[in-house]
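Next, two complexes with chain A in common: one pairs it with chain B, the other with chain C.
What follows is the complex of A and B.
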């Protein structure tokens, strides 16, 4: 139903009502073959392996009406569907990464007309995919976010900043006390942000001797930012798997004595943030 | 929101080895989205879907702020000032109180960025790669819901 307008000449159109969704590429082998049958794809269907040139793509068959161009656009505009597809996509990648690393995660909604087209991509790009897999072998991605929490210090800041215990200002008038408290809160907020910025600066320092690559993400906020504080830094590091726990501990230690700052470490993730050179083999890798 | 969705996820079995696998089902949606939408290997599929458009418009509007209407109620209208999102973006429109607050927050954000950069430089660390630097200034300011009343108070 959704006929892509740019089907290359000479490529036979797919059956028409089914497409092949690609989640990840790894090395074809027993581990990849073993994990696939236990996974469910974006549409709930079974995940399988398409092998070519020693590489294996984890794919599932999806209906063309939902995963063609207009179907996908509609689905991704719908937050509930977007979440379902994103989580399913990540779950396949995460499980494969857990049991058959290294794994190259594909971007969400990488869809081909049929299995043969996926095999052709593996063949065409196998040199580069292999290089990436070699580079990412034995590495994991850790996410680290630094938050400022101005509210954590409102109580103490108002005392410290005014130099007067909060209970000893009855004669000052409610308005003045209010304004004083306001100012103290603002100072507290700024202090929290300064402290968080300082911790954020040390995140990279702590990772310095261990991480092999670093990526900066946009700070999180709004509806999906579940943390109570203000996210001032959101970064990802590519780390040898054997150092991951130590680095996690080192990051957590940064904010141990700082109540206005919290550090959240996520992962290990499949190396999502460190595969960007895939599209431009000549363009060099990550910084 | 995500609670009601969680039950409907097609959940693959969790047998991941501890060293690599992580919580695929419990991972934060924002963390997942920023990876599966913005990162990962980009190969040209047969089905062309412009994730960039979706990311900029749908995701940023609908996920980063609760909804357009709600956001406007709250005085959040940054997309109208974001050159990549609107032709109406214009620096002059800053006198209204939400704009003034944004400006103040943007300035604070700028200062903090400079400070982080200085600390990084002091630590001999490489500069962060800011692929989306033009958005982050605006983005960062609006996470501070609790800063809103303070900013207004100061200006009156």
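What follows is the complex of A and C.
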């Protein structure tokens, strides 16, 4: 099967050549209007504000061939493009979160056919958006990840297993040493996982009384995972900004005396993980 | 761009030359979190979730889950 190479790319979209990408919704006002012109959008174009009913959506105009349904799906399957869009999306949200909070971040790839449709969503949902923004005011999201690090124990086992015990042939010794090492690895791995699970169980405990909401993400694995250990818990908490530093310290202290476990805290983030209820009253589906 | 503005935009870590946000932490939030709006979206969110699953599969297939210990 061959694909004709002479077919021109970028067949015009039925609804026009341009679409409107939405990054976040905040309260329309001087702060939001001031931050927008300094930001670049997913396609590098300028970010602007669409205002309606006291709310402002941070948007940019993007080309329909790259951000229409098929263009977008293609881009998101390409890790380099996905990363570029994700980082652009985040930089708009992060700047607005820093300078014009509270901000309601949108999910990646929130693209409308035109500005009028974005304004219509603001108008239709303005009561709910306002409630959500009120709830998010003066709050930040902190991420906390707990890792098991079996190597902390395996290191000792490897040293013990390097020599061939006296009175044995090198072949048999090597085989036994390997088995010993393997068993020690498994024991070490199980112990590290138990210790990590215990620490993970106390993460919510430490946040209790401070955090107002909790979200659980999938444990991280694969090529993009940045930590050498095994991620056993990946959670996010919505926290009043004045308690964020204390909570961060409390989480770090959980694994201070436990070499097989590490705790990583990220943020403060815009409240990405706490916007699910944005559509709850209307959608009614599960998150 | 002034230093003051830079620290406002990037946050202290990045303005000070610290590590940027990890992509995986960002994708956790941008593909699973963020407000999901309705009405005239060009791509339904269900498609984005599919993309997420496909991407993870690709990532796993690249690295392999169990590196051989010998």
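To be clear about the criterion, the second predicted complex is superposed on the first by the 243 of 287 C-alpha atoms of A that agree within 3 Å, B and C clash if a C-alpha of one lies under 4 Å from a C-alpha of the other, contacts with A are read in each partner's own complex, and residues count from 1 in each chain.
Everything below uses one rule, namely that contacts are C-beta pairs under 8 Å (C-beta built on N, C-alpha and C of every residue); 3 or more make two chains touch, one makes a residue touch a chain.
Quick caveat, the model's predicted, so the values are computed rather than measured.
Superposition of the two structures on chain A shows chain C clashing with chain B.
In the superposition on chain A, A:143 makes contact with both chain B and chain C. Touch criterion not met for A:63: it reaches neither chain B nor chain C.
When the two complexes are overlaid, the chain among chain B and chain C that reaches more residues of chain A is B.
Of the two partner chains placed around the shared chain by superposition, neither chain B nor chain C is touched by A:29.
Of the two partner chains placed by superposition, chain B and chain C are both touched by A:269.
Residue contacts after overlaying the shared chain place A:220 against chain B and chain C alike. By the touch criterion stated above, A:201 is placed in contact with chain B alone, chain C being left untouched. In the overlay built on the shared chain, the residue A:113 is in contact with chain B and with chain C. Clashing C-alpha atoms with chain C appear in a single stretch of chain B, chosen from 2-10, 38-46, 92-100 or 110-118: 38-46.
When both complexes are aligned on chain A by C-alpha atoms, chain A residues 19, 22, 25, 38, 67-69, 72-73, 76-77, 79, 82-83, 86-87, 89-91, 94-95, 98-99, 104-113, 117, 121, 125, 132, 143, 182, 185, 215, 217-218, 220-226, 234, 266, 268-269, 272-273, 275-276, 278-279 touch chain B in the first and chain C in the second. Taken together, the chain A residues at the contact with chain B in this complex read 2, 4, 6-7, 19, 22, 25, 38-44, 47, 67-69, 72-73, 76-77, 79-80, 82-84, 86-92, 94-95, 97-99, 101, 104-113, 117, 121, 125, 132, 140, 143, 150-151, 182, 185-186, 189-190, 193-194, 197-198, 200-202, 204-205, 208, 214-226, 230-235, 241, 244, 266-269, 272-273, 275-276, 278-279, 287.
Against chain A, the residues of chain C that register as touching in their complex are 5, 8-11, 21-43, 45, 47-48, 51, 54-56, 58-60, 62-63, 65, 69-70. Partner chain A is touched in their complex by these residues of chain B: 1-2, 5, 8-17, 19-22, 24-25, 27-43, 45-49, 51, 54, 58-59, 62-66, 108, 112, 115-116, 118-120, 122-123, 125-126, 128-132, 135-136, 139-140, 142-144, 146-147, 150, 153-154.
If you check the complex, the residues on chain A that touch chain C are 19, 22, 25, 38, 67-69, 72-73, 76-77, 79, 82-83, 86-87, 89-91, 94-95, 98-99, 104-113, 117, 120-121, 124-125, 132, 143, 178, 182, 185, 215, 217-218, 220-226, 234, 236, 266, 268-269, 272-276, 278-279, 282-283.
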